[in-house]
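One structure below.
Which chain is which? They are A, B, C and D, in the order written, and residues in each are numbered from 1.
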Amino acid sequence: MLTEVHVPEDVPAAVGLIVSGATVLGGGTSLMPALNDYGSPPTELVSLRRTGLSGITVTGSTVTIGATTTLSQIEHDSRLQILNPVVRSIASVPVRNLATVGGNLFVPQPYGDLAVALVALNARAVPAGGSGPAELPLERPALVTAVTFELPAPGVFKYVKAARRRWNSASLVTVAATIVELDGLVSGARVALGGVSDHIVRAAAVEEALLGRPLTEETVAAAARAGLGELSPADDAYASAWYRTRVFPVHLRRALLGR
Amino acid sequence: MKIVSLRVNGAGQAFIARPGTTLLLALREQLGLTGAKRGCAQGACGSCTVLLDGQPVVSCLVPAVTVDGAEIATIEGLADGQVLSDVQQAFLDGFATQCGFCTPGMIMSAEALLDRNPDPTRDEVNEAISGNVCRCTGYEPIVSAVLDAAARRRSRAGEGAKL
Amino acid sequence: MPRVNPIDTEYFKDERKAGDFTVIGTTVQRSDALGHVTGRTEFFEDRTFPDLAHVKIHRSAHHHARIDSVDCSEALKVPGVLRVITHRDVPSNWYVVLRLIGIEPNDEPVLAEDRVLYKGEPIVAVVADSEAAAIEGAARVRVGYTELPAVFDVEEALAPDAPVIKQAGTNYFVYEGHHARRLRFGDVERGFAQSDRIFEWRYSSAPIEHAPTETTGCIVVPQSSGRLLIHSNTQAAFFTLDNTALILDRPFTDLQVKGGTVGGGFGGKVDVMVEPLACIAATLTNRPVKFVYTREEEMQVSSPRAAERIYIKDGVTNDGRILARKVMLYVDAGAYSRHSPYGTTKACAHLPGPYTIPNVYADCHCVYTNRTPSSAMRGFGVTIADFALESQMDRIARALDLDPLQFRLRNAYRDGDLKAHRKVAEGTALIEVIQRAAALVGHELPDEYLALTSTTPRGEKA
Amino acid sequence: MTLLRGRGYASVNYPTGMNLGGDPSQALIHATTMGGFVISLSSVDLGQGLKTVVAQCAAETLGMPMANVIVDTADTDTGPHCMGTFASRGTHRIGNAVIMAAREARDVMLAVAAEELEADADDLETDGTGFVRLKGSPETKIHIQDVTLAAHFKQGRTISGRGIYLKERNYPVPETGEMDPDSCQAHACTVAEVEVDDETGVATVLSLHNAYEVGRALNPAMAAQQVEGGGWMGVSHAVFESTEPYYPASRDHGPVDFCEYLMPGPAEIPVQSSVILERPASNGPFGAKGIGEMTANAPIPAIANAIFDACGVRLTTMPFTPESILRGLDALRA
């Protein structure tokens, strides 16, 4: 049962409330559905809405997105074209106007496609309270004030989200990757997967199978085979574990080769 | 309990909110604006869509105390007296309603789209209303009505420019 | 402008009266549309009452279990909780949906007594002065169970060694002494013997939810006269009134139902599920009470369209005349009857589809399983049967290398044909819609098929 | 990747009304002082437009403009009994009851007008714009407001009418299933076109082409709404919907909200084209049959048959998920 909703004006005040046991409320799009219709232990929320954590800065190739920046703000920021298809693949307009970048880092799979993309972009989370930026996905919940990453060269970032519907549908398989090629061979690969486990999968075996090889159908097919061992999908309302595994190679190929 | 002040459809409003009072319930139960509907309380049906500082949001997921001072627009504020907005009129003329439960949220999503994008493609309309569930119409009359409304608005803007 | 489908007036010209209507047949604006687009249309939940109390339900955690204990003490400690309601508070603890259409037994309790037959079955209702308190109270009810074996498959439920889940003694509804609603017409075995080819296949479906955007609900307001005013989104106001009065064991004139504006029904708001408990809560607290399903309750606890399993065996001549059709149909009623026995009869009445087949045999079973009770939905008894029947028609046409529309036209029922349920067909138009649809997509039909009409008697002994 | 296209057909019929009858609906109608006609019902409008269509039935029967008709419905204190809105019965049963009530009211209206015009009621007619006039001499006329004023304050008569429609209850013969299961039957034939992705098993419904025989399209735009919305629901049933995705083996993973309960969004709708045929039913209001339910039915098998046509996979279990199609494709390729 919701017992209090705090709306602090700055981060230290928010941190203080969290330390005393309150739960962080970003856009509310994941948390509020559970609180609206279901019983719960007494719960205090800390809304970050007024903590000044909203905003996007791009300095050179370095992008910093404040934690309470909404998915819609990213969608409409011309400097972040790269993330436009990512955020538009998530939920719907009236949800994206609430949902925040920080919140997306913590939503359960098969949701959280922006976080999948941020993992592929090697983004770092900036925690509140001075400790250094942390690699994604975060190992444990923490108050994040921003995420930051380097914009990749054009064409390096790849993204495909397979869902049951064109818009507003959860992930069956999400593939986000940064692929760098040098002299016709893959010289750098960072591949993140959504929808295929209870957590975001950093697909090391896929990356390894790509490195040093030409980005061809054969290479990607072999990488997909290598990646099967990294999947641990579950049955849910959208699709079975069998189906997600079965179509993973198709969507990996469509993401990496564009066909 | 906190006192929350909002501007709703241009008028100042204040009410006392419990922690669990969402913007939707505040509008419906405390301000008497029942146009926004509760279809799921999960943010997944869009029946509760209103504009929060100009942006469409699912008001069922917004604790009212977090939006103190905000500007809210609801379906009740669209018509100018007896004169309907272009979107409302296009929905009416195009038989884009059946049971009517999704209609207020659908219209608010459409208004927000046209505010941002006066000449949307069919695909852009599809995306803009994909968070609003309609179980009756099959969407086609709704998409057509939004495109029709866009044309009406553009034609009105064109007339305005000539003056 | 509204899209209007063209009316092809070339068909049934003689029977269509000349257009001498003034209003009929013309597009008139919907009388409710202005309210819809302005948000002024008043749905049941758009009424507010300052002292409104709320009902929420504690539901079964198991598919099939004996209830050993119910402990409401923690629920009553939640601030704002006013009352808990158990089956002991329900004057006549049986839903009587089928009694009103003359079918017994009443098999479903309003609140569970000593057992639960599906996950989500209501056990305790909690009344509180806020929705949040009612939710919290319902969550804190503790029920002790002994789990019992559950049955989920319609054919397994009918097997001799299946656990019997129904107190009536059978896992199926008994139709006047029969285990199924029967259809017997002609001699189906002789028909098979006369046929060149036999085709037998199985079809099935999963349950489907009405998924109205407005969930099922009501607000009950005690009146100064002592009567109860029920604001409801029921699809059937008197159905709700009569059933509720029987459960409350109160005079029918004690109740008034107001409604008429519904945020989508599709058959899902026919069963009387929320009004009786809301009336009891309003009576016990003497306050206006709202009971509205959450979205999850609407999706998983409110009755869906029944899943069905259908076996069809057809005997057909090489040139495409169906001589015999045998159908074994199983309706998954879930844990309780609701309207499923009636829907199963409706499915039986629909067989063998819109075709004239001289020998027909069907057993339509209404089977109980440990899942959410199914009930009426748009196309009740027919939708799934049509899927099976028309898939069957397509497969046979392909197997015989016949044009799929010609095969249907060859067997289409016409005026004067005796249907399997022994009513003479009249007003038929299957031939014409097939011909017109073929024209719509440029599917060419030979002249002899274009010349067929529903009003020309079939030139053969049926 | 290959996108495989196919076309499928289905033809169906559908009964109007509770199939065993015994499902009455009533209507009362009375005139107000100034020429309004109030139809009192307890019937429910689910959004299909019942209130509008019964007003049309009343206006047509009375011979009065739509603006004179008021529908007051769904209050059990003020409206007479109605069985309910289901079983494709609303337009048929309630429409018939309203017509019956309106005829009775019209007779009184004409009698009152006859007295005012000093004419024989049998010689009077309505002009549809609000006047009652003498057949053959249209200048001899009286406005409905003057008729109802006279009825109230001069002649002391109630212009009112009662209507009921009941199809007698029928009981199936247990041994044979002999029964009378319908009031009339509407008809449909649907042609569906689909596209199947041979790598993912995703079937996209491209178009539905329908011919519907509806008895009489009382309000063509509202008939189109039923056809189009029902066609969408058919697509939804065919390729998306289930409360139990793992039926019957497991009750797990039942969708609980509109995220999990899948239905076509606006981007998944097929192109629909439809033609209406009218074979008026002898017992229907102006010949109308109930079509609200049937519009979802024919698309489902038409889509199943189109998927087979596209890719050779026969779907025998609803819904036709990408998984079921892909398993079928895999079996064909094995």
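Everything that follows uses one rule, which is that contacts are C-beta pairs under 8 Å (C-beta built on N, C-alpha and C of every residue); 3 or more make two chains touch, one makes a residue touch a chain.
Just so you know, these numbers come straight off a predicted model, no measurement behind them.
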item: Shared chain contacts [chain C and chain D, defined touch]; value: A, B
item: Between chain C and chain B, distance of the C-alpha-averaged centres to the nearest whole Å; value: 33
item: Distance between chain centroids, defined by C-alpha means - chain B, chain D (Å); value: 30
item: Chain centre separation (chain A, chain D; CA means) in Å; value: 47
item: Overlap residues in chain A, where contacts from two or more other chains coincide; value: 1-2, 33, 37, 165-168
item: Shared interface positions of chain C, touching two or more other chains; value: 2-3, 29-30, 32, 132, 211, 261-266, 294-296
item: Residues of chain D whose C-beta touches two or more other chains; value: 46-47, 49, 221-222, 224, 228, 230, 233, 245, 254-255, 257-261, 263-267
item: Touch-based graph of the chains, sorted into line, ring, star, complete or other; value: complete
item: For the chain A and chain B complex, residues of the former touching the latter; value: 1-5, 7, 25, 27-29, 32-33, 35-37, 45, 47, 49, 72, 88, 91-95, 97-98, 165-168
item: Residues on chain B engaged by chain C in the complex (per definition of touch); value: 18, 20, 28-29, 32-42, 44-45, 47, 74-76, 78-79, 84, 88-89, 91-95, 97, 99-104, 107, 133-136, 140-141, 144
item: Partner chain C, residues of chain D touching it in the complex; value: 7-15, 19-20, 22, 42-47, 49, 51-52, 55-57, 59-60, 63, 66, 71, 73-77, 79, 81-87, 128, 172, 174-182, 184-185, 187-191, 209-213, 215-224, 227-228, 230, 233, 237, 241-245, 247-251, 254-258, 260-261, 263, 273-282, 286-287, 292-294, 296-298, 300-302, 304-305, 308, 314-319
item: Chain B - residues contacting chain D, complex; value: 39-40, 42, 44-45, 95, 97-101, 123, 125-127, 129-130, 133, 135-143
item: Of all residues in chain D, those that touch chain B in their complex; value: 46-49, 221-222, 224-225, 228-233, 257-259, 263-267, 269, 272
